[in-house]
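Order as written gives the chain letters A, B, C and D; numbering starts at 1 within each chain.
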Amino acid sequence: MSYFKEGEYALIRFEEKKFLKKLLKGHALNVRKEVLKFDEVIGKPYGARIGKFEVFKPDLEEIILLGFERKTQIIYPKDAFYIAFKLGIRKTDKVLEFGTGSGALCAVLSQLAGEVWTYESVEEFYKTALKNFRRFGLGANVCSHNEDFGKADVPEEFFDSAFVDVREPWHYLEKVYKSLKNGASVGFLLPTANQVIKLLESIGDMFGDVEVVEILQRHYKTISERFRPEDQMVAHTAYLIFGKKVRG
Amino acid sequence: MSYFKEGEYALIRFEEKKFLKKLLKGHALNVRKEVLKFDEVIGKPYGARIGKFEVFKPDLEEIILLGFERKTQIIYPKDAFYIAFKLGIRKTDKVLEFGTGSGALCAVLSQLAGEVWTYESVEEFYKTALKNFRRFGLGANVCSHNEDFGKADVPEEFFDSAFVDVREPWHYLEKVYKSLKNGASVGFLLPTANQVIKLLESIGDMFGDVEVVEILQRHYKTISERFRPEDQMVAHTAYLIFGKKVRG
Amino acid sequence: MSYFKEGEYALIRFEEKKFLKKLLKGHALNVRKEVLKFDEVIGKPYGARIGKFEVFKPDLEEIILLGFERKTQIIYPKDAFYIAFKLGIRKTDKVLEFGTGSGALCAVLSQLAGEVWTYESVEEFYKTALKNFRRFGLGANVCSHNEDFGKADVPEEFFDSAFVDVREPWHYLEKVYKSLKNGASVGFLLPTANQVIKLLESIGDMFGDVEVVEILQRHYKTISERFRPEDQMVAHTAYLIFGKKVRG
Amino acid sequence: MSYFKEGEYALIRFEEKKFLKKLLKGHALNVRKEVLKFDEVIGKPYGARIGKFEVFKPDLEEIILLGFERKTQIIYPKDAFYIAFKLGIRKTDKVLEFGTGSGALCAVLSQLAGEVWTYESVEEFYKTALKNFRRFGLGANVCSHNEDFGKADVPEEFFDSAFVDVREPWHYLEKVYKSLKNGASVGFLLPTANQVIKLLESIGDMFGDVEVVEILQRHYKTISERFRPEDQMVAHTAYLIFGKKVRG
């Protein structure tokens, strides 16, 4: 089971470059005049070194960053990983998410949760997320709805946690509140300080233990004789806001 | 099931302060002349607002930072969350970890994995981790060994991923390599640049797709009229190094 | 001239600790059971090593952080150094500043400028800044006013640049604008995102080339065998906003 | 004197774009189908708004980043500004620098110092720096040497501070030490952790009050309704190391 099969996605490293490729017979990857024939990869063990190439099973961060088709701004893995644990999800939990977007967070949540219910009103995004899941064998426990969460018929006191990724989350606070069990965690992702300020104005009555946090990721060059950070980094993706349902 | 029971741990917020307390009958929390009697909390729903207090089920970050007894430097949740996903752990995976330390990472890994085998040579640390797990109902799928990984009898080509948190990981590279399945992910946590440089010198033959990364967490004050970052932050915990087993 | 004189301030290092002390006869510094008698320092060259102590002339950052009396939140050297150059000050320039606060920025500006005019409405702050300047021999070219800039009689088209450090700078934009020469630079320091948003709403008509920037400073431990960042850092002091006077 | 003259450099803003251009008669700038004729700029006041363009005198950061010809990696203004003040330079000080590189730091040092002596062994770099100074009217008090500092005839106990920007500064420590007055400050700029570790191994005997620091600069978008950091930032330029000459 740790051998490459035809049709599987492979993470191919060539020096400092990374590629995510589907292993189709007769296909190949050309980099700087070197060729990796996929016929030679199929049947090889994960982690095979072939000439100057190394071929791996991709990790979840690599799948999302290199493999996901994006119709929206995706939630970065650095943020998604933090969110998934911060929501305190356990293996039997039911988690609510909207909007689905390209499905990056949903793919991460589904690894921790029992099931994820996700809502996306824009059909194009809904379909893209489904395609991303299918392509990489993710989201088996995801229940996708092509529906506006605000208008959807959602069960009450049902979810163990929720994550909200829409432009104006304050319109949905009451409905999210009702859908959650007592004390359940909720998270929000917002790119601008203006949005955070507006959310903080209204969140306090329904949710407590409120936190706002940014996650920054600093990569380093991996040459042992010249250890130093990369020249450039992602400076901002979004502010993450967390709270827990309170009862007066 | 979302009501506080006697003996359960509660996360108590009072204004900007946070406390993690065991709900024992007859006990209470005093903050700035306000009193929260735990008898009044027991039986209340999670997220109860009682006077100026709010009482929640703690999330995993709060449990680790406020509740774990530490005999060693713990792995911070910001790092542990990233590591757990970056290792690409799936629900049926067997994960190797050493040293266990205070058990913070182990608690996080166990939420994603099928089972975690963890090794710790120092008896005091081994016992502390077990105590931390028991206290917070964590680690049901963790197999703890009070044993030096270097001397332990470890199965070969057995683990789907591994995490190494010891001062001189280069001594263990070969043994870790053998214990892993083809292409399996390995992670390391090292506080100093000298250690990273030394690891990078020797890792390349056995592991590919090497990455070195730092995770930084910037908290914000949550008062909507004065939105701004906190004054102080944790500037450094450790460098995280990841690789995947290669075969020549 | 590079010998310590009585009454001079000295930066004293003892292992990783730093002290800023006035060298008075008969006085001494006690650290971890070691004693440095100031009588032995007076007359020694700058940079003298005396037992386990090292004694230096302090640099400007050390003077501000360790020596300045603070009645207000001070402007950190990391910010002050950036501001001073970003304003494009030349040796013959006239620079306007308000409010003076504890005088930290003013001390820095005065090193680059021909003269600095500074305004502070609160008498206590005004006096503290003057005391700080006198104590460390700074600010010879500073013209201090104990006066509200908004009410002061200020010359028009007179200053080459200006820096504004008050809570509600939008009230003063017009007056600052008038006081500046064509194209002159202006800077602002604001701790909260709400203030920056409010300033950005109104600044655009009068000032162009607007930039908002944060300066972060990450210190490292200096032990060569364990090179790594310090554990804690200052996460936030303020947002810096810069613009230049425009004419329609 | 605050009117644009022919041949002067202008910082031209067009929406979020910035250009540094020499104002030559008959020339123009085309951006997104809009044209700014330089004939219309000449004679206008600094800060003139002409159509959708705004035209300013550039600040020092803009001159270095947009205007300096680079044959080497330049020292970024964020670092140069910090260095210049951290060295504690006063208006009458003599400052030593090597290597000159493209002259970015030298241009900054010269604004604070009485005079700067700079050494550069590579003729091409030496000439580039001189060209950069001439072009922007900088460096009047700079004494440039096209000479290897290690071989140059340098006066002893002469400089008030020094800055070293070469790959292997440990070879020059003794000579720098001798050239400095008692207690004088020295700074170094090194891109990799390996270099810093090597420098820290040897610096301690000659220099005390050693600090290692990184300066990070986070820019924000300036649209008031969507206040947020820029997407990307410079993650690393170099580590800055400072010390002061000690005498045993």
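Going forward, a residue touches a chain if its C-beta (ideal position, glycine included) is under 8 Å from a C-beta of that chain, and two chains touch if they have at least 3 such contacts.
All figures in this text were calculated on a predicted structure; none of them were measured in a lab.
Q: Touching both subunit C and subunit D: give me those chains, sorted by label.
A: In this structure, the chains that contact subunit D and also subunit C are A, B.
Q: Centroid of subunit A to centroid of subunit B, CA atoms only: how many Å?
A: Taking the average C-alpha coordinate of subunit A and of subunit B, the gap between them is 21 Å.
Q: Compute the distance, rounded to whole Å, between the mean C-alpha positions of subunit A and subunit C.
A: Averaging C-alpha atoms per chain gives centres 44 Å apart.
Q: Which integer distance in Å separates the CA centroid of subunit A from that of subunit D?
A: About 41 Å separates the centre of subunit A from that of subunit D.
Q: Could you say which residues in subunit C touch two or more other chains, in rising order?
A: Within subunit C, residues 193-194, 196-197, 218-219, 227 contact more than one other chain.
Q: Drawing the touching chains as a network, do you get a line, a ring, a star, a complete graph or other?
A: Topology of touching chains reads as complete, every chain touching all others.
Q: Name, in rising order, each residue of subunit B that touches subunit D in their complex.
A: Against subunit D, subunit B makes touches at 193-194, 196-197.
Q: What does subunit A use to touch subunit D in their complex?
A: Spelled out, the residues of subunit A in touch with subunit D are 191-194, 218-219, 225-236.
Q: Show me the residue ranges of subunit C that touch subunit D in the complex, using the header's touch definition.
A: For subunit C paired with subunit D, touching residues are 2-3, 11, 13, 18, 45-49, 54, 56-57, 59-61, 77-78, 80-82, 84-91, 108, 111-112, 181-185, 193, 196-198, 200-201, 208-224, 227, 239, 242, 244-248.
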